[in-house]
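Chain lettering (A, B, C and D) follows the sequence in which the chains are written, and residue indices restart at 1 in each chain.
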Amino acid sequence: MYSFKNDYSEGCHPAILQALMESNGEQHSGYGFDMYSQQAADLIREKLESPSAAVHFISGGTQANLTVIASILRPYESVIAVETGHILVHETGAIEATGHKIEAVQSTDGKLRSSDIIAVLDKFEEIHKPIPRLVYISHPTEIGTHYRREELIALSQCCRENGLYLFIDGARLASGLCASDITFPDLARYTDVFYIGGTKSGALLGEAIVINNPVLQQNFIYNLKQRGALLAKGRLLGIQFKVLFSNDLFLEIGNHMNQMAAKLANAFQELGYSFLTNSQTNQIFPILPISVIEKLQKKYDFYIWQKMNSRESAIRLVTSWATKEAMINQFIEDLYIASEVEKKEVCEVR
Amino acid sequence: MYSFKNDYSEGCHPAILQALMESNGEQHSGYGFDMYSQQAADLIREKLESPSAAVHFISGGTQANLTVIASILRPYESVIAVETGHILVHETGAIEATGHKIEAVQSTDGKLRSSDIIAVLDKFEEIHKPIPRLVYISHPTEIGTHYRREELIALSQCCRENGLYLFIDGARLASGLCASDITFPDLARYTDVFYIGGTKSGALLGEAIVINNPVLQQNFIYNLKQRGALLAKGRLLGIQFKVLFSNDLFLEIGNHMNQMAAKLANAFQELGYSFLTNSQTNQIFPILPISVIEKLQKKYDFYIWQKMNSRESAIRLVTSWATKEAMINQFIEDLYIASEVEKKEVCEVR
Amino acid sequence: MYSFKNDYSEGCHPAILQALMESNGEQHSGYGFDMYSQQAADLIREKLESPSAAVHFISGGTQANLTVIASILRPYESVIAVETGHILVHETGAIEATGHKIEAVQSTDGKLRSSDIIAVLDKFEEIHKPIPRLVYISHPTEIGTHYRREELIALSQCCRENGLYLFIDGARLASGLCASDITFPDLARYTDVFYIGGTKSGALLGEAIVINNPVLQQNFIYNLKQRGALLAKGRLLGIQFKVLFSNDLFLEIGNHMNQMAAKLANAFQELGYSFLTNSQTNQIFPILPISVIEKLQKKYDFYIWQKMNSRESAIRLVTSWATKEAMINQFIEDLYIASEVEKKEVCEVR
Amino acid sequence: MYSFKNDYSEGCHPAILQALMESNGEQHSGYGFDMYSQQAADLIREKLESPSAAVHFISGGTQANLTVIASILRPYESVIAVETGHILVHETGAIEATGHKIEAVQSTDGKLRSSDIIAVLDKFEEIHKPIPRLVYISHPTEIGTHYRREELIALSQCCRENGLYLFIDGARLASGLCASDITFPDLARYTDVFYIGGTKSGALLGEAIVINNPVLQQNFIYNLKQRGALLAKGRLLGIQFKVLFSNDLFLEIGNHMNQMAAKLANAFQELGYSFLTNSQTNQIFPILPISVIEKLQKKYDFYIWQKMNSRESAIRLVTSWATKEAMINQFIEDLYIASEVEKKEVCEVR
């Protein structure tokens, strides 16, 4: 059984394991004050072309989201997000648990627009409602779509004009950057804070929080310590991000994932299937006849994402740094067979 | 410069790296539902002789403490701890940040006694004070001492008689178990919950929370997820604890640390130095003349723990899974030389 | 300028002032342990026909909601409410500030149905979403509608079958009870907890929280104290509720408010205006031509609730214990005049 | 049985009841935007000689403390207080429940000194401890002592030099101001925020929070609303503070309480009894033979504060706005008799 369930099924990129082995016997300072964490932060700042960015490494995405959001907001302030946002649907109320309301906005493509922000601000009532202060978006989104550079710039402007901070959840940033025209320096320029996902891009674990806005940098590390998010052996995160940001490995991984997903997507398209969302990233959501899904399930693991009607469902296929092209080819072959059979069956029924 | 600053300066035990390499390409379920995490939990339950214990793996000690404590207490309940307890002095207010008061108890040796618990209960006032509900102890303590089996039993009885839960912070449990007559089954029998420290016993990161009391087991994992403590690649923790609990590696590591520390302690004793605390674990706190400290500092890294008087300070030396006997010998040699010189200087001054 | 803005514009019912004066010189115990609070609680238990109900008095509705909800839920549990619920739109994120997510449900009439509850439960995902544990409804609702007895029973059954608690926000309970066939004993029987609004029913301030479910009664008072909701001079609340629950004053007030509102509603109906919601309680939401609204605004204060189209808006009119029939007559007279003028103007335009 | 248990046993000053009656029929805006609240705030600003102070009225002291403290501190910041401080011993962990650690300082007289603040700052460790940011003192203290003007100035300077805010809990400020040389303008000048206690100085309920530091004023009202501390009928608080701050009634009440307490204290002194603390405010703590206490308990209610030895205990006597001189005289008479008897008994025993 081969799994396309997610991008954290495998271990880590071999170059990371290699670096862990080579450094294993060395003694280093704890809590992120090791040489590797410093070097990794420097490499990231270089890519961002932003020498003043603050970089902190932590172990996971929910932790990144809750720590960042809770560190920014005053108790009576809220965060705006689309209703499919990870913080709304997949973090067990982690943001509310820090005391903050999320203003949910409807969206069909997982993306937030300036008009959505304005609509939330328009409904604000003094004293009786929390003050919106932060905008949360994911790039790419939880349903595979991504922002274009001009969309990011528009959101950024809207935020600045309205006294809002902009935060990007980059759990799958490698895939997002490779799919869009947004660059690392754009992230430094147009957001107040974002995080670079390691867990879903070939690391054993780890996300790099980047704080661009100097106001938000102050004492941030205290939030990490207080929430149990500061690893004693911080070197474990530093080493991994050093590897990911040397020789452009991070984007290489993003490209690989996207190419593997695109190959899958092409096959579905050629067979005439449509998609739940228009994705160019490492998550695709083809809509398939249930009989085809059942056939594929015998050899492959994946999520059935959404029932479309009595005959069809959308499934989610995710590629990772470790996805092998041979497996993609095998899957496509099996898809063609399943699809062929299905068409025959449908004809016969008719 | 060789460091005796702590037990998290090095990477991980080679057997762990080996297991990570061997399993790297495998695909596993996320969030701790992988095969390795299940196997590690089984191995731990076996050692505890407690088939019904719930075992959860998370990334660090502060995270373990805050997640466990906050999951147990109702909003108006408090936890009792000695004033040197890790949750009181080294976690940036993490417990209070979850909404709970810590009732601090004075202690000269880092250990809590039943009489301390009773004293806190005696000061309780209905409605106007939080209700004490949990007792937190560390084994070994933050200053190197440890509990004896009969002390643990006495605390456990006191807790049960007074409707209190008992929680052991086992950040350095490997060292503690090897220094005392307390066994794994004792921990299952006499505590409601405890955690097994991996980070300070040869893992890259990771602690295993063990919940013995069935009342406290229910839905615990939701707390982990909500606090960002549930790793997507949970296998990383599972694999490490599987290695640590195969072939008694965990206790082997504890023994090694303790022996290295004992060898250091003997040298100090032979030279006539006294100690701040009576430690048989991997942290020792010799009291040295400042001139000796300064000489040692040229070659070794360690914390100056406490100024005793104008002439002497207590230092902390910590050994780890990676401490080499050769380095211990070298240190002792250098200590003898520094000590010799100091005695001469003192004589000359006189 | 006469105000129909809300039901807390005036002071308190004269009988309450009288009782405050008569008792003023007496010495009583603090924090709700005074004779009057005990008597008031007894009177309430009598009305409920529920000798085991726990009754606590506090100063306001948001305080009641947040204290009750936070006392019931474990950190990873959520509460279900309609999107117009007071806790969602008018409490500055007070519930989220206690750490809990509100699952918002769409509703056109401000009422929650069992099917809404089931729909939320169906979307639940283990571990990754908070566990719904509590259902919050308001009787009457924030938009003037109310539940019928059979609807309450259906909700209650649905909750019990699904392991959910049921909580009624009774900020305007006097009005709600007088409009519906739900009785005090029904509230004891079919809810786990509810509160009786005093502030909006003739008290200076104060709400009575009634906890029917014995599981939820334990130590509840600690939550009050911890959140600053336990008044030192608890007698102030006790005296008021004693007055409100002697001689059925509470329901008398509810009836008065409803009758005054009904008289207004009839006038609008006779003039052919429609309403935003079908209300038989003390809040009505007639939809009026903007020119009529503007004329009324010269003599009366009220909220413009919602813009319907370019010509019409819904306004909110609220009656209180203090609303005088003469003022209602005057308003109706002014309404007829404004309406007459408007119709003429419209004719002329045509 | 006459009670000297506390200063909230009786209702309110008659002038307040009178004002409530006179204004009862008037319609006013809610949530503190009524005319009376504005007038009361103006009167307070006048007394403070501080036109820019922000004034907010809320219902109780614990609510004032928790709202103010939580509004000032960032999540990782702590507050310094003496171990007898109200927030440490009598608020059911309300401050910790907002997420903040209180750094407790030992003090024999209930007062905090600059050296205590410096001692806390000296123990601070970067990252691993919360950052102290606020100093909390009570004037008068919980054990009857009070600050002198020069002590307040010294604390204020110490705070400003060390980047700390200074907050005074003025639950019994009327008594404190009348006992010390500190004036209202001093409070505006030397604190960042303080509150004026109404509940314990003749109001039915209510405290006035005064925020002097403009940085701390912004959006403060959102905290009030979110914590359920903003009364719908805010007029109830406004009217009371308007009465208390017209014609110096507030200080008149303070003087009365202090004089009644002083008269009691003189009697104890004349009889040769000593005191637990040196109080010139409305709480005194005489140390009496247990036999005397038992005799007094037959006619009077008061707290036994602390057991001194097998023969003696300190009791607490509190006077209020309502304490009648006749009762003081009666008590003194009874004290003389009880004392006489006791001395005889002691002689006979010898």
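One rule holds for everything that comes next: a residue touches a chain if its C-beta (ideal position, glycine included) is under 8 Å from a C-beta of that chain, and two chains touch if they have at least 3 such contacts.
The structure presented is a predicted model; accordingly, all values stated were derived computationally and were not measured.
Which pair, C-D or A-D, has more C-beta contacts?
Result of the comparison of C-D and A-D: C-D.
Quick one: which chain's Cα centre is the longest way from chain C's?
B
Approximately how many whole Å separate the CA-defined centres of chain B and chain D?
That pair's centroid distance is 43 Å.
Hey, how far is the Cα centre of chain A from the one of chain D, in Å?
52
Could you state the distance in Å from the CA-based centre of chain C to that of chain D?
35
Please output the residue numbers of chain C that touch at least 2 other chains, ranges allowed.
75-76, 91-93, 97, 127-128, 130, 222, 225-226, 230
Which positions of chain A touch chain C when the two form their complex?
Touching chain C from chain A are residues 75-76, 78, 89-93, 96-101, 104, 125, 127-130.
So in the complex, which bits of chain A are touching chain D?
Going through chain A, the ones touching chain D are 31, 70-71, 74-76, 127-128, 130-131, 219, 221-223, 225-226, 230.
Which residues of chain D touch chain C once you look at their complex with the stated criterion?
It comes out as residues 2-3, 6, 8-12, 14, 17, 20-21, 23-30, 59-67, 91-94, 97, 199-200, 204-205, 222, 225-233, 235-236, 322.
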